[in-house]
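Chain naming follows the written order as A, B, C and D, and within any one chain the residues start at number 1.
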Amino acid sequence: MRKVGELLLGGCARVWKSVHMASSGVARRDPLANKVALVTASTDGIGFAIARRLAQDGAHVVVSSRKQQNVDRAVAALQGEGLSVTGTVCHVRKSEDRERLVATAVNLHGGIDILVSNAAVSPFFGDIMDVTEEMWDKVLDVNVKASALLTKAVVPEMEKRGGGSVVIVSSVAAYIPLPDLGPYSVSKTALVGLTKSLALELAKRNIRVNCLAPGLIKTASSQKLWMDKEIKKTLQISRLGKPEDCAGIVSFLCSEDASYITGETVVVGGGTPSRL
Amino acid sequence: MRKVGELLLGGCARVWKSVHMASSGVARRDPLANKVALVTASTDGIGFAIARRLAQDGAHVVVSSRKQQNVDRAVAALQGEGLSVTGTVCHVRKSEDRERLVATAVNLHGGIDILVSNAAVSPFFGDIMDVTEEMWDKVLDVNVKASALLTKAVVPEMEKRGGGSVVIVSSVAAYIPLPDLGPYSVSKTALVGLTKSLALELAKRNIRVNCLAPGLIKTASSQKLWMDKEIKKTLQISRLGKPEDCAGIVSFLCSEDASYITGETVVVGGGTPSRL
Amino acid sequence: MRKVGELLLGGCARVWKSVHMASSGVARRDPLANKVALVTASTDGIGFAIARRLAQDGAHVVVSSRKQQNVDRAVAALQGEGLSVTGTVCHVRKSEDRERLVATAVNLHGGIDILVSNAAVSPFFGDIMDVTEEMWDKVLDVNVKASALLTKAVVPEMEKRGGGSVVIVSSVAAYIPLPDLGPYSVSKTALVGLTKSLALELAKRNIRVNCLAPGLIKTASSQKLWMDKEIKKTLQISRLGKPEDCAGIVSFLCSEDASYITGETVVVGGGTPSRL
Amino acid sequence: MRKVGELLLGGCARVWKSVHMASSGVARRDPLANKVALVTASTDGIGFAIARRLAQDGAHVVVSSRKQQNVDRAVAALQGEGLSVTGTVCHVRKSEDRERLVATAVNLHGGIDILVSNAAVSPFFGDIMDVTEEMWDKVLDVNVKASALLTKAVVPEMEKRGGGSVVIVSSVAAYIPLPDLGPYSVSKTALVGLTKSLALELAKRNIRVNCLAPGLIKTASSQKLWMDKEIKKTLQISRLGKPEDCAGIVSFLCSEDASYITGETVVVGGGTPSRL
C-alpha cells in the first residue's frame, strides 16, 4: 500500500509532468537548476538583483564585491530567502582576487557555468578635459581589462563542464555617451566590442558571451545620474528602471532558451535612444 | 476529514508556494498565464515555434496564415499537445483579414495582450536590378505596412486591457543585407525602424514594442538560403538555428520580466555579424 | 613670338601645374569635372544646395522637382552663377517621369555618372495611430521604392560610362525616430538598408552607393521640426544646420577620393545622437 | 605700363577669381590653407598618406612616429614633393612625448588646428585566451588612452585658435571584430565611443571630433591580415584598399565643408560589412 506521502508526491509528479511535457522539460521552471554562477559587484543594485534572480531560477550563486561587510550582508539577505548563495570578497582589478573568486566557486560547487561581469567604476564626473591619466587607467582597468581577464579565468572551468555563459554588464552610455561621464561611457562602448570578440573566440568552446546595457536604473550608485535633469533629458525617459528590470534578461541569456544567442547586447532602457 | 484529492492539491500547493515565493510569484512558471496572443504566419517554421511557446507559457494563442488547411493542421497539432490554441485564415496584406484576426481573438478570449507580427514575403531571389515595381510593392506592403497596420488594429484592444506587448519579426538581413535578397533585406531594416517608432509612440499607452532578428534558421521557407554556400559564408556561422531558438526570447519579451525593454531588437543568430 | 594671351595662359598653366602636381592632378580642384549628375527634389533646401555644389565642383547637373516653376527658378538661379545646370519636372513616384529624367540627362550630356536621390515626402505629422494605409503607401512609395527604381533606371547609363556613384538622402530620424514622424522615420531607416543592399549588388558594376543622413537642417520644409521644442530636445543640438552643410559631403562621396567608400551612411547632424 | 609679370598674375587672378566665385572661395582649392596639423604614426602606411594629403591641401604638417630614422625619411620624402612638412619622434604612450609633439607644432607654426590620432598597436595575434594582462595594458594604453590624452593636450592650443578638428583612426574591426585580433578590435570599438564622448564635450569649444574606420588596407603592418584568407572572408571584399583611399576623407573631415559633422565615424572599407 502506498503511503500518503507517496500519493502526494505522485500527484504532484503528475501535475509537474503535464507542465513539463507542455514546456519541454524542467528547464522552463528552474531554468538554471544546478548551474554555478559568479556575479561580481553583486552586493547591491543591479548586481544584487541579478544574483538573486539567478539563485531564484535554480543556480548556486557566488556573490562578491570589494568589502567583506557588504558581502556578508548580501549573502545573509539572500540565504534568508532560502536561496543557494555564498560570497567572497573580490576586487576584480586584482589578479589574485579574480583567482580566489574562481577557486571559491570551484571548491564549493565543483565548477562554474555562468559569469556575470558587473563590476565597474566611474572614477570621475565632469569635463573630459579634467580626466587624468590615472582616471583613464582605473576605468579601463576595472571596467574593460578586468572583464576580459575574469572571463579568461573562468573559461577553463566552463570548458570542463562542456560550456557556459558569460554576461557582461555595459550601459546605454555605450551607445549614447552621457555628458560628464566620458571615460565611463568609453569603457562601456569597449565592453560591447569585448562581448563581440569574446563571443567570436569562445564559440568553439561552447561558451556564449552576451551583454546587458541598462538605461537609467534607480540605484544608490547612479543617484547622481537620475537626479541630473540634463542627463534625464538626454535619455528621453519618463520613468526610471528598477534593478529587477535587469535581472530577468540576464537569467534568460544564461538559460538554454538563449542557446543560439551570442555576441549580442540587450538594452534595458525603457525606450531611451540607443541604436537600431 | 479532508479527502486525498485535497491532500494532493494541498501538498502540491505547498511545493508550488515555495517555488513562487522564491521567484516572485506565479509569473515565473507561467509567465503568460491568461494572456491572449496573436501570431501571424504561425502554421510553420519560426511562427509556429513562437505560437507553441507562447501557449506553453500560458497564453491563449490565435495562429494564422494564408491557407485554411495549414491553419487547421497547426491548430490540431498544438491542441494535441494540450495547448490553448485556435486559428483563423489571415492574409495580412488585406485590411478585412487583419480586422477578422483581431475580432477572432476578441470574440474568443475577450481581448488581445500580445501581437507577434511574423508574416513576411520575399518575392524575389536575384539581382536587385531585376526587381520590378510590383515586387517592391509586395515586399513593402506585406513586410512593413501590414506590420504597422496590424499593430494599429490591435492597439485599441490592448489599451482596453491596460497595455500589451508587440514583437515584430525582422532578420539579421536588416543589418547585413543578404546577397540576392535586396528588397527583403530592405524591408527587414525598415522593421527595425518601425519597432523604434512604434515603441516611442505607444509607450504612453503602456504598450511595449520589440523586435526579433533571427539569423539563418533551418525552416522550409529559408531552404534556399541555408543551402546557399555564399550566403552561409556571409553569415559566418557553423551551425544553423532551429525555429525553437527564436521562441524563448519572444515569450520573454512579452512577459513581465521585460517590462523595461521597449524599442529593442534582439538578434538570434548564433554569432553571425550584425551590429554592435 | 608668343602672344600675351599665350603667356597668360602659359603662366597660369605653370601655376596650375604646380598645384596639380602637389595635389595629384586636376581632380583636386574640380573633382567632378565633366561628370553628369541628376539630383531629385533639388529646387530648394538641401537638394538645391547639393545641386549647386556638384555644379561648382565641375559637374553638369540636372535639377528636378514636381513643379515647372520651381525648376525654372532654380535653373535660372544656378545658371546665373555660371554653373552648368539644366532642369526637368520629375515626380519620382511616376515611372514615366523617372524615365524622362534619365532621358533628359542622356540627351543633354550623353550619359549619367551621379545620382542624388533626395526626393521624399512626410505625408503626416502626428500620432502613428492616425496614419492611414494611404499615407504608408505614399511615404514608402516616394521615399523608398522610388529611390530603388530611380537607381535601377540610371544603372544602365552608369554602366555605359564604366561606373558611377549614387547618394541617397536619408535622415538622422533613420537612427533615432522623430516623435510624430513615424512613417517618415521608418522610410528613412529603410533607405539606410537600401544603401547597403544596392552597394552590395552594384559593386560588380563599379557603382558605389552611399547615403547622407542630415540632422535638423534649417529649410522651409523642415520648419515644423526646428520650430518644435520637443523635437529639438530629442536631437540635443544647439544650432541648426544649413543646407550647405550637407553639400560638401555629397560632392566628396561622388568624387574619386571616395572610391573605396560604398554602402556607408554619413550623418551631418551637428553632434545629434545617431549611432556608434 | 604693367609688366608681363603683373599681367600674368592679373590674368591668373581673373581665372582664379571665376573659379573661386563658383566655388565659394579659396577654401575649395586649398581647403586646409594655413592650418597646422599633427598626425601620429605618420611615417608609413595610412598615417603617411593622410599627412601627405593634409599638406597637399594646404596644411603645415608635423609627422611623427617612434623612430627618428622613419621620421627623417618621411619628412624628406614629403618635403621633396614641395610640401610643408616637419617631424618629431613621438611615442604616444609617453606623456613627455605627447607634450613635445604639441610644443613642436606650436613652436614651428604658432598653434595647432588639426590632430589626426593614428598611432595604434596590435600587440598580439591569436586566441583571446592567450592574451596577457600586459598585452591588454599595452593595447588600451596606446590605442585608447593615448588618443584621449593627446586630444586633451591639443585642446588648449585649438581653443587659442578659436576651434579645431580631431580625427581618430579606428578600424572596421570596431564593428565586426577580426578573428585572432580581440584586444585590437576592442580598442578600436572603444575609439568609436571616445569619438562620441569627445565630440559631445568639445563642441562648446568649437572643436569637432570625428573618426575614420578603415577596412583592409594594403600596408606593411596589415600584411598578416590581408594575407589571411579567413580574415579576407570575414571582410567580404574583393579588392584591398590603398592608404590613399583613407586620406581624402580625413582632409574633408578637417575642412570647413564638414563644419556640421562631429561625433561621426566614416568607414572606408570597400563595402565590407560594418553597421547600418
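We take it that contacts are C-beta pairs under 8 Å (C-beta built on N, C-alpha and C of every residue); 3 or more make two chains touch, one makes a residue touch a chain.
What you see is a predicted model; the values in this text were computed from it and never measured.
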Homomeric contact chain A-chain C: same or different residue positions, threshold half: same
Farthest chain (mean CA position) relative to chain D: B
B-C compared against B-D, more contacting pairs: B-C
Distance from chain C to chain B - Cα centre to Cα centre, in angstrom: 38
For chain B paired with chain D, centre-to-centre distance based on mean C-alpha positions, whole Å: 46
Shared interface positions of chain B, touching two or more other chains: 174-176, 189, 192-193, 196, 200, 275-276
Partner chain B, residues of chain C touching it in the complex: 95, 127-129, 131, 133, 136-137, 140, 144-145, 148-149, 152, 155, 174, 176-177, 179, 182-183, 185-190, 192-194, 196-198, 200-202, 276
Touching residues (chain side chain A, partner chain B) in the complex: 4, 7-9, 11-12, 15, 18-19, 21-24, 28-29, 55-57, 81-83, 175, 189, 192-193, 196, 199-200, 203, 215, 238, 241-242, 245-249, 252, 255, 257-271, 274-276
Parts of chain C lying in touch with chain A, wherever the complex brings them together: 174-176, 189, 192, 233-234, 236, 273, 275-276
